[in-house]
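In the two complexes that follow, chain A is the common piece, with chain B as its partner first and chain C second.
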Partner chain A sequence: MTESYRDQFAANAANGGGEGPTWLPALRAQAFERFTALGFPTTRDEDWHFTSVTPIAERTFKAVKSAPTTLTLTDIAPWLVNESWQRLVFVNGRLEPLLSHFSELPAAVQLSTLSDALREEPEWVKQHLGTLAGFDRAAFTALNTAFMQDGVVVRIPEGECVEVPLHILHISDAHAAGAAVHPRLLVVAEAQSQVVLVESYVGLGQASYLVNTVAEVSVGDGARVDHYKIQRDGIEAFHVSTVQVTQGRDSIYHSFSYAAGAALSRTNVYTKLLGTGGEARLNGLYILDGTQHADHQTFVEHLAESCASRELYIGILDGSSHGVFNGKVYVDPIAQKTDGKQTNKALLLSDKARIDTKPQLEIFADDVKCTHGATIGKLDEQALFYLKSRGIGGENARALLTYAFAAQVLETIEIDSLRLLLERAIFARFTNLALE
Partner chain B sequence: MSSSIESLVNKEYAYGFVTDIESDTIPRGLTEETVRLISAKKNEPEWLLAWRLKAFRRWQTMTEPHWPNVTYTSIDYQAQTYYSAPKSVKPLQSLDDVDPELLKTYAKLGISLTEQKRLTGVAVDAIFDSVSVGTTMKTELAAVGVIFCSFGEAVQSHPELIQKYLGSIVPYSDNFFAALNSAVFSDGSFVYIPKGVKCPLELSTYFRINAADTGQFERTLIVADEGASVSYLEGCTAPKRATNQLHAAVVEIVALDNSSVKYSTVQNWYAGDKDGVGGIFNFVTKRGKAQTNAKISWTQVETGSAITWKYPSVILQGDNAVGEFYSVAVVNNKQQADTGTKMIHIGRNTRSTIISKGISAGQGQNSYRGQVKILPKAEGARNYTQCDSMLIGNACGAHTFPYIEVANNTATIEHEASTSKIGEDQIFYCKSRGLNAEHAISLIVAGFCKEVFKELPMEFALEAQQLLGISLEGSVG
Partner chain C sequence: MLKITDLHASASDKEILKGISLTVNAGEVHAIMGPNGSGKSTLAQIIAGHPGYEVTSGTIEYDGKDLLDMEAEERAQAGVFLAFQYPVEIPGVTNAYFLRAAFNELRKARGEEEVDPMEFLDIMEEKLKLVEMDATMMQRSVNAGFSGGEKKRNEILQMAVLAPKLAVLDETDSGLDIDALRIVAGGVNALKRPDNATIVVTHYQRLLNYIVPDFVHVLAGGRIIRSGGKELAHELEAKGYDWLLEPVSV
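Moving on, here comes the complex of A and B:
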């Protein structure tokens, strides 16, 4: 199945994919070889036990035909979250300069496309690109590396603080049908810097396409990166995403992952705490219906002393949807004084919905405090009864409790406009009412 | 704190002696001939030999599983001996015929096969290497219709029951070690509790490996007929030897409607020395199936073995069935344990409880691996899981691999896990109250395991607590 991509890879290399510094085609070729050697994962793979990617593997997704989009600012306005943010807008994997707006940044901050960065600072890019997100054992990351198109490079120099969120918006429309896009993101936040990133994936219409994204994030000593990923891909789409983070001393990486779109989605958030006192906060919310399948994997590697990790993942499953959560925490022998806490909760709204969850702890140090908790169930009958006794009955009570279930993780969103947007969307979805 | 404990604790494994007894041992190696030989030695009916051979052929096509979180040098199945029996045991009419050497062995182990045991109200089946050497209190049990005897004896006297239930819970094709056991199993215990009978005594089997380079492959089958109830205990020890010995047992529990089976294990096989030389590989398949309103409860205290690899499971087949799993697993020095349970909820309103306490010391690696599976028809199923790990020393590891698979929205699942160091402030507090460090630790550990110990029958609870103290010796430094 992987062989069918060989012609595409050759064609790609011949027209444009081979551009850039000499090391790049070599990296692509190496990644492609690895991809063909690994093949698509199967459910025999422990990490893919509950998620079959057969629907992706049995098709060959083509490259998108290049054509400038006809979408206007008005068309994309609902997806902008906040129009004042700096933004890069990609339609079907291709940067749309007319829809984008990213010139108002502190001079030292670099926000550019991958191709620009490769032209201007190839050596710097070489030092980082592909070094964080290894593809030795990850077929989708290898595939992305082989085919990565115009990506985004963010570099925040030492001590610089970017207060306004940077928004990277990927839109797929009818032209993406049958195609694959491989977006790439490289974020380097140097020591004591700060940045807030919002990555959005949006599908317009019913097209079936594949988004296979890889983000590499390096958080320097004392730096802080807030990373929001909002996935609202089309209902027929496939979405695979991997975020690989490394964290320095006293750094903070805060991730929030929202998944409501795609027929089949897989979201990996992996972080390595390499320096003393680092902190990882990984939160997520997935809301599924119909026959949707969403798989979230987190992996926190405590590789230094006195680091903390906090995780909260919430799932709301309706219809005959299928949710999967696998949270792994590894504590290295040297990572004494580790403080890890992981919680995942799932609410099953229908009798056909199902959830498979596997919270996993691997601990090799003794002076640690690690806990995980998982709960699965339907709405609390007693809470429903209480609301009823207060005059809120039936559907309203259910809607309110469902919304409240999601709200516990929405509270962790620190950008007001984004939190409100999601709160409203979720409130409306379950109550058919508008939230003030 | 370290020196006082160390001096107190470096006690030797108390059961590491070898009994010098003449035994009837078949040559090493495993072929179809070996299977036939074992079957012939036990004078088995044709159907049982056929079943063994089916299992053996299936086993040959299987590969040893390597997914558990343990490492060991590979096992040479041809270098093992698959049958060893004390020579004097053969024409056994009553306990008086038992070789006095054997009785001495059991007395040394604290298991009395003669009169005294009567006082404690426990019936014992003692298994020495591959065969049962005696079962006590048979007449008392026969009075209420309870069958409690060695497996080999049951094959002769109650073939219809064996044929009906053998392999019904753990089929010979279940896994690599179960297939191996099905092919070469030597002896074990058989229990049948008739309809509506509450077994008046605790039943107990004591397993002892004595011969060198032998594997022990016992098979236990417990059948609780409708409305019956029984409590069954199992204990095990082995001599200290520098080579690893394989123990691949299978336990099957059949719990028919409204019955209740409680199965307790105190596993204290030889764990190897400080450097991890020798010790038993304990690769065991234990499973029960609970029908309507039936209850199966597993309690295990795992202190021995170089490697423990077992998942006592319950298939909650009938409506309102209950499954319980209480476990304390201790690893010290270079021991490794990958243990846990499976609760498969099939019937409506089935309930399961899992309490697992792992204690890691020295360079021990302790993994909890468990599965809670709620099938679509299991309306109103309920599971509560708590797995806690305690780490003593900075070279050990504690791991948790819970699989929770839910396909019914009326199910309620709660899972909690925690890992922490033994509390320094707790030790400090105890010391301020005049306890020394060793007592403080055993007090804290006993408190940590209390929820499990209280599930054990009293004699076993005391033994377990002492065992725990001994296996943690030298671990605090």
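Moving on, here comes the complex of A and C:
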């Protein structure tokens, strides 16, 4: 099945995919060979046990036809979150300069497309691209590396602090039908720097397409990266995403992953705590209905002393949807004084909804504090009674508590406008009412 | 207003109330006291309609209606209010939203128009003063991260807004310092009217220094073993519960 992409790869290499510095075609070729050797994962692979990618593997997604979009700013306004943010807007994998707006950044901060970065600073890109997100054992990352299109490069120099979020918005519309886009993101936050990133994936309409995205994030010593990923792809779409992070000494990586779209989605967030005192906060919320399937995998590697990791993933599942959460925490023998906490909670709103949750702790140091907890269930009876005892009837009480279940993780969103947007959307979804 | 007759109730097949009879008239304040595990909180929760208890026999009549036949929300809409011993936290739902939702449910049930957020703000302003709460509390999530005292004051705030006919306070004094106790009791007293009634469930006499009851009932082993006036509470304060309890049969 992977062989069916060979013609596409060859065509790509022949007409422009081979541009850029000489090392790039070699990297792509290497990745493509690895992809064909690995093949798509199957449920026999431990990491894919509960998620079958057969619907992705059994068809060959084409390269998207390259034509400028006819979408206007008005069309995309609902997805901007906040119009004052600096933003790069991609439609069907292609950067749309007229919809984007990213010129108002501190001079030292670099925010550019991958192709621009490759032209201007090929050596710097080479040092980072592909070094964090290895594809040796990851077929989708190999596929992304072979086909990656206009990606985004963010470089925050030492000590720079970018407070206004940078928004990377990927929109897929009817033109994406049958096609795959492979967005790539490279973020290098140098020592003592700070940046807030929002990655949005939106599908307009019912097209079936594949988004296969890879982000590499390097968080330097004392740096902080807040990384929000909002996945609202089309209901017939497939979404596979890997974020690979490395963290330096006393760094903070804070991720929030929201998944409400796509027929089938897989979201990987992997971080390596390489320096002492680092902190990883990985949170997520998935809200599913119908026959949707969403799989979240986290992997926190404690590879240095005195690091902390905090994870809270919340799922709300209705219809015959299927959620998967697999949270791995590895504590190296050297990583004494590790403080790890992982919580996964799922609320099943229907008898046919299903959740598979698998927390995995591998601890090889003795002086550590690590806990994990998973709860699956229905709404809290005592809370329901509390609402009813105030005159709020059964249906409304359930709706309000379902929203409250989501709200406990929405609270971790530190960007007010984004939090409010999701709160309103989720409140309306469950209560059919507006939240003031 | 409330007439409980020979009420028996159990939870998980364990009988907790073993024949309670109690009549509460409009304008009265009743205190229900008793040692831990006597069933007094169970009684409070059954009046409010908690689904976790099974009433095996007996009746509760409220305003001429069969209370046990009503859902918890219907009871609330008919004027029954329970101030919880452990108020529930509801993340993401502001106090303002929650209170207005409850307020409007009660209005709807009475066939009255709902109030909009602006009108409700005016109503709240006066009620907040009653429990000495800051207006910023209205924008916080319901009980989330509240201190023990704030939670109890929030219960009384809800009571003030919903203006019940029958208010049941379940151990509202537990975990309160003297200032919070004074505020909570002050709120309850201010809400007293000739046409409503209050049942105060408490372990200690302390609260009854502030909310003076017309009747005191001592509950033990699922039965009311003594009823009297407010002086009974003082007697209990001085002597404890032991002198009232039946000797343990050997």
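Note that the second predicted complex is superposed on the first by the 436 of 436 C-alpha atoms of A that agree within 3 Å, B and C clash if a C-alpha of one lies under 4 Å from a C-alpha of the other, contacts with A are read in each partner's own complex, and residues count from 1 in each chain.
The rule is simple: a residue touches a chain if its C-beta (ideal position, glycine included) is under 8 Å from a C-beta of that chain, and two chains touch if they have at least 3 such contacts.
Just so it is clear, the structure is predicted and the values come from calculations on it, not from any experiment.
K.L.:
Contacts for A:Q206 in the overlay, against chain B (first) and chain C (second): which applies, first, second, both or neither?
P.N.:
neither
K.L.:
Once the shared chain is lined up, is A:S84 touching chain B (first), chain C (second), both, or neither of them?
P.N.:
neither
K.L.:
Is A:D366 contacted by the first partner chain B, the second partner chain C, both or neither?
P.N.:
A:D366 contacts chain B only, not chain C.
K.L.:
Please work out whether A:T43 is in contact with chain B alone, chain C alone, both, or neither, and reply first, second, both or neither.
P.N.:
neither
K.L.:
Which residues of chain A touch chain B in the complex?
P.N.:
Those residues of chain A that touch chain B are 46, 50, 333, 336, 346, 348-351, 353-378.
K.L.:
Within their complex, state which residues of chain B touch chain A.
P.N.:
Residues in contact with chain A: 67, 376, 389, 391-421.
K.L.:
Can you check the complex and tell me which residues of chain C touch chain A?
P.N.:
Those residues of chain C that touch chain A are 48-52, 71-73, 75-77, 81-82, 84, 87-88, 90-93, 97-98, 101-102, 105-106, 109, 117, 141, 158, 162.
K.L.:
Going by the contact rule at the top, pick out the chain A residues touching chain C in the complex.
P.N.:
Of all residues in chain A, those touching chain C are 380-383, 385-394, 396-397, 400-401, 403-404, 406-408, 410-411, 423, 427, 435-436.
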